[in-house]
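Following are the structures in question.
Two complexes, one shared chain (chain A), two partners (chain B, chain C).
After this line comes the complex of A and B, so read on.
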C-alpha cells in the first residue's frame, strides 16, 4: 500500500538532505493557487531495528509538530503546520520565502550545510541585508524577541543556530509594521522539547552563543543585542536565566571523561 | 589535506619504538618500526587481559597487581618476537592517560625504569590518540570521522587544525561500561570480554524490548538505559534461564532478548550521532576504534548508514581495536619523530586527559 504522503513526495523536488531527514518543496494539491509547502521526510534508516525506527520517527515527527503548534498558539513566528503523517515520518509546513540568517551575516555564507552549497555564487551578506532593508542591530533585536516569545511559551528549541532562523523576503511578505518590511521566523524544531526550567532556557541561549561565535567572527556586539532584546521581552524571568547563563558559560565543554 | 604539507617527513633511517599500555584491565606491549619510505610495520603486539569471575568487575588495585605481575614477561616476549633488543629502540612510549590511576601508575613505573636502565627517551601518549592513529594506520582512512567506543570512553571525533576535536560524547558512563555492567547483572562471563559475550547472546534474542533512547544533539547518555534494562531482570516475565516455564508460557523476556534490545538501542544511538557529525562536517568516511568497535553488529549498522550516505566505514579487528601496546608505540613514535619527548621529571600519568588536549603536530 503506497501511502499518499509518499506519493506526494515522489512528485516533489528534493532540496537538501541532512542527517535526519530529506527536505522537499511541494504543492499539497494540484491547484496552481495553492501555496507552497516544505516537506520534511524522516526516511527509514536501514541500520535501525524496524520497530525502534518506526517508534522514533513517530515520536519525533509528532513532537516537532506539537512544538510548532504550541509556538503558533503563543504567537511565535514559526512556519504553520500543513500536514502530519507521523507513521510515514512526513511533516508538511509552510514554505518560507527568504534567507537563513546565517547567509545574511558575515562569515556564514561559506560552508553551508551540504546541498545548498551547490549554488556557486553566494551573494554578499551586506547586499542581502540591504535587500531586506534591515540593520544588523535590528536583526539582533528580532532574534532576541522571537526566542524570548518561544521561551515564555516554555518551548526549548534545542538547536538554536543562525541556520535555523529565516528572514521573510520583503517581496512576498506584507508587514504590519511601517518601518520593518520583514519578519524573523524560527525553523527546525526537530530537537525541541517542552520545559519551564531556567537551566534549559539558559542552555538554549548558550548553544546559540556558541553557534554565533563559531560561524560568525566578531559577532559579539550582535549577540549582545540579541540578549538585550531577550532580556526586555522576558521581563522579570530574565534575572534567573541570566545568572544561570553565566554559570553555563563557565561549565562549557570542559568536563573530563571518566567512567 | 589539500594545500597544506604534512609536517612529518619520512625518516632518514628506520625508527623503532616500544609501546606499553595498561590503562584498564589489559597489559599490552608492542614494537613498531617506521621505515625510510614512510611505511610502518608491526613487529610484535602482545597483550594479557586480567579476567575477573562472572558478576565482578576489575578493581584498580588488583588490576595494577596484574600488570606488575605480567609486565616483564610480556615485554620480554614482545622483544623476542620482534627480534630486537632494548638497545635498538629509539624511544619507549607509555600511556599517560586517561584511564584507571593504579594500573596507569604501574605501567608508567615500568616505562621509567626501562628508560633509566637503557638510557632511552620516554614519550607519554594519550590513550585515545593512540587508538585513532593506529586505526588510521591499519585502515588507511585519510580524514575520517572517528567513533571511539570502549569501556571508558565514548566520543565522536573529527580532526581539525592539529587537534582531534570532540563533536559528541557520552554525558555519563561509557558504552563499554554500560555493556560490562549489564553482563555482570545477568552473570555473563568476562572471558574473553563481557561485550563479546553479550554480542553472542544477542544473536539468540528475538524480542525488541522498549528501552529509553537518549541522544541529545551529538551527545548520548547510557546510565538511564542501564538502569532500565536492569529493571527488566526483575520483571515477572523475565526468565533467567531463558526457558518458558510451561508450554503456555509465551510472553517471556529472556537474557538474550535483553542483550539484543540493549545492543540495538545503544548502537543505533551511536550510529545516529556519528551520522550527524558526518553531515555536519561533510565527511564520507567513518573510522571505528576502541574495544566496542570490534562488535560486528555495530560495524554492520555503521556500514549500512555509511552506504546510505555514499560513504565508507573503516574498522579494525580485536588485535588493534581492543587496548594494545602497538597503538601507544605508533602514536608515541609519530610525536617522537616530531621532536616530542617526555622528560623523566614530567613522566607522570593522569586519569583525566582529554583527546582534544593533545597537539597533533604530525598532521597537516
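After this line comes the complex of A and C, so read on.
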C-alpha cells in the first residue's frame, strides 16, 4: 500500500528542492475552505544505510516541529504546524503568502532561481517594498525584534539568512497596527537547536551579518537597525551577546581549536 | 454537517463527516450507551456499536471560528487517519484516536474525560470516518437518530469554547505569546488556537 503522504505529494506542486528536502504546495483535504499548506519532504537518501536514514529523518522532522512549537508558544512569528508524518519524513506547515526578504532587498533578486527569471521579469525590489508599504529601516526593526524574541526563548535558528525570512503580503494579512500592514515571519528551522549560550546567539547574529553583506550591497545601515532593535528587545542580556559578537567578528564562526 | 474527502488515504478512511450539536439533552444516556455498546457481546453488541460508530467530541474545548479554526478539528482527524493508515493507532479505533489526538498527554482515559462526551455535555461534535460508499445523508440520519439536540453551524463554536480549560490543558497560562495578547481577547484566542492546533499536529513527535 502506498503511503498516504507520498500520494498527497504526488498531487502537489513542487516549489523547490535542496540537498536535504523537497518543498511542495498542497491542500491537505479536498474541503473547499481548506487553506494551503507547505509540505517539506525529507526524501530517502540512497547513500545512507536505510536504518540510519530513517532515524536521522525522524529526528530532524521532530526537531524542526518542536522548534516551531516552541517559537509559537513564545510569540515568535513562525508558520504553524499542520501535519507531521515522521515515518515518511513529511512536515506540513501553514502556507505563508508573501515574499522572502531576500527578494525585497537590492541584490537578492534573481540568482537563486534562474529558471523562473527567464519567464517573466523579476519585479524591482524597490517596487516590491512599496507594495508592502514598509521602509528598509522598519524592515530592519522587524527582523531584529523577531530574532530577539526567538533568542529569548533559547531557540537558535542556525541558518539566519534573508531567504529564511518572509514578509506577509498585505492582501492576505489583517494587521493589528495602524501603520504596519505586514509582518515578518521566520522560516526553515531545519538547522535550529535549543541553547541558552551567549556564544550560540552571537554566532547566529554573525551568520546573519555575513549573509547580509554577501547578498545585499550597502546593507550596513540595515544591519545596524536590525542590531538596534535586537538590543532593545533583549534588554540586559544584550551586553554579553554584544561583547561576544565583537569577538566572533574577529575570529569567525568557528572557535579556535588550538590548545 | 460538513463533509470532506481526503483522496490520499485508503478508501475506507477517505471521507470525513462532522456535525456540531448544541442544546444536547441526552448526553448522560449517550455516554451510558457508548459504554454498554463497547462491552456488549454477540449480535446485539455489533448492531449497537454500528449505531454509535462516531467520535463524540466535547465542543466546549474545540474552537472553530474562522477558517484557521476548523483546522483544530481537521488536524486531529488528519493525524488519526495518518496513524490508522500506518497501523500505528494508539487507541482501539480511528474515532477514539481523534479524541486522543486532541489531548496533549499520552493518557487515553484522561483524553476521554476531557474531550469525550460527559454526563453534563450540552454541545458536542460528532465525527464519522467512512468510505465513499457511505452517503453523507445517511450519516447525518444516523447522527440525528442518536443525538437529541439542535444542529448548528460550526461558526457558532467560539462562544461555546471553554478557553480557560483549553489554556489549562495545554499549560499556556505562562507562555510569552499568550501573555503578550492578554489585553486583546480576539487575538488571544487566535494565538491559543494556533498553538493548540500545532500541538495536535505534532503530537506524534512530541515525546
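Remarks
Everything below uses one rule, namely that the second predicted complex is superposed on the first by the 244 of 259 C-alpha atoms of A that agree within 3 Å, B and C clash if a C-alpha of one lies under 4 Å from a C-alpha of the other, contacts with A are read in each partner's own complex, and residues count from 1 in each chain.
Just so we're on the same page, a residue touches a chain if its C-beta (ideal position, glycine included) is under 8 Å from a C-beta of that chain, and two chains touch if they have at least 3 such contacts.
Just so you know, these numbers come straight off a predicted model, no measurement behind them.
Once the two complexes are overlaid on the shared chain, A:13 sits clear of chain B and of chain C alike. When the two structures are aligned on the shared chain, A:75 is found in touch with chain C, with no touch to chain B. In the superposition on chain A, A:30 makes contact with chain C only, not with chain B. Which of chain B and chain C touches more residues of chain A: that partner is C. Of the two partner chains, chain C is the only one touched by A:65; chain B is not. Once chain A of one complex is fitted onto chain A of the other, the partner contacts of A:51 are limited to chain B, with no touch recorded for chain C. Chain A residues in contact with chain B (one complex) as well as with chain C (other complex) do not exist. Of all the residues in chain A, the ones that touch chain B in their complex are 18-20, 45-49, 51-52, 55-56, 111, 113-114, 158-159, 191, 253, 256-259.
By the touch rule above, chain C contacts chain A in their complex via residues 2, 4-10, 16, 67-68, 70-71, 74-75, 78-79, 81-82, 85-86, 88, 172, 175-177, 180-181, 184, 187, 191, 194-195, 197-199, 201-202, 204-206.
Those residues of chain B whose C-beta lies close enough to touch chain A in the complex are 98, 152-153, 155, 166, 169-170, 172-174, 177, 208, 210, 213, 216-217, 264-265, 268, 271-272, 275-276, 278-280, 282, 300-302, 304-305, 307-308, 351-354.
On chain A, the positions that touch chain C within their shared complex are 1, 3-5, 7-8, 11, 28-31, 33-35, 58, 61-62, 65-66, 68-69, 72-75, 80-87, 92, 149, 152-153, 176.
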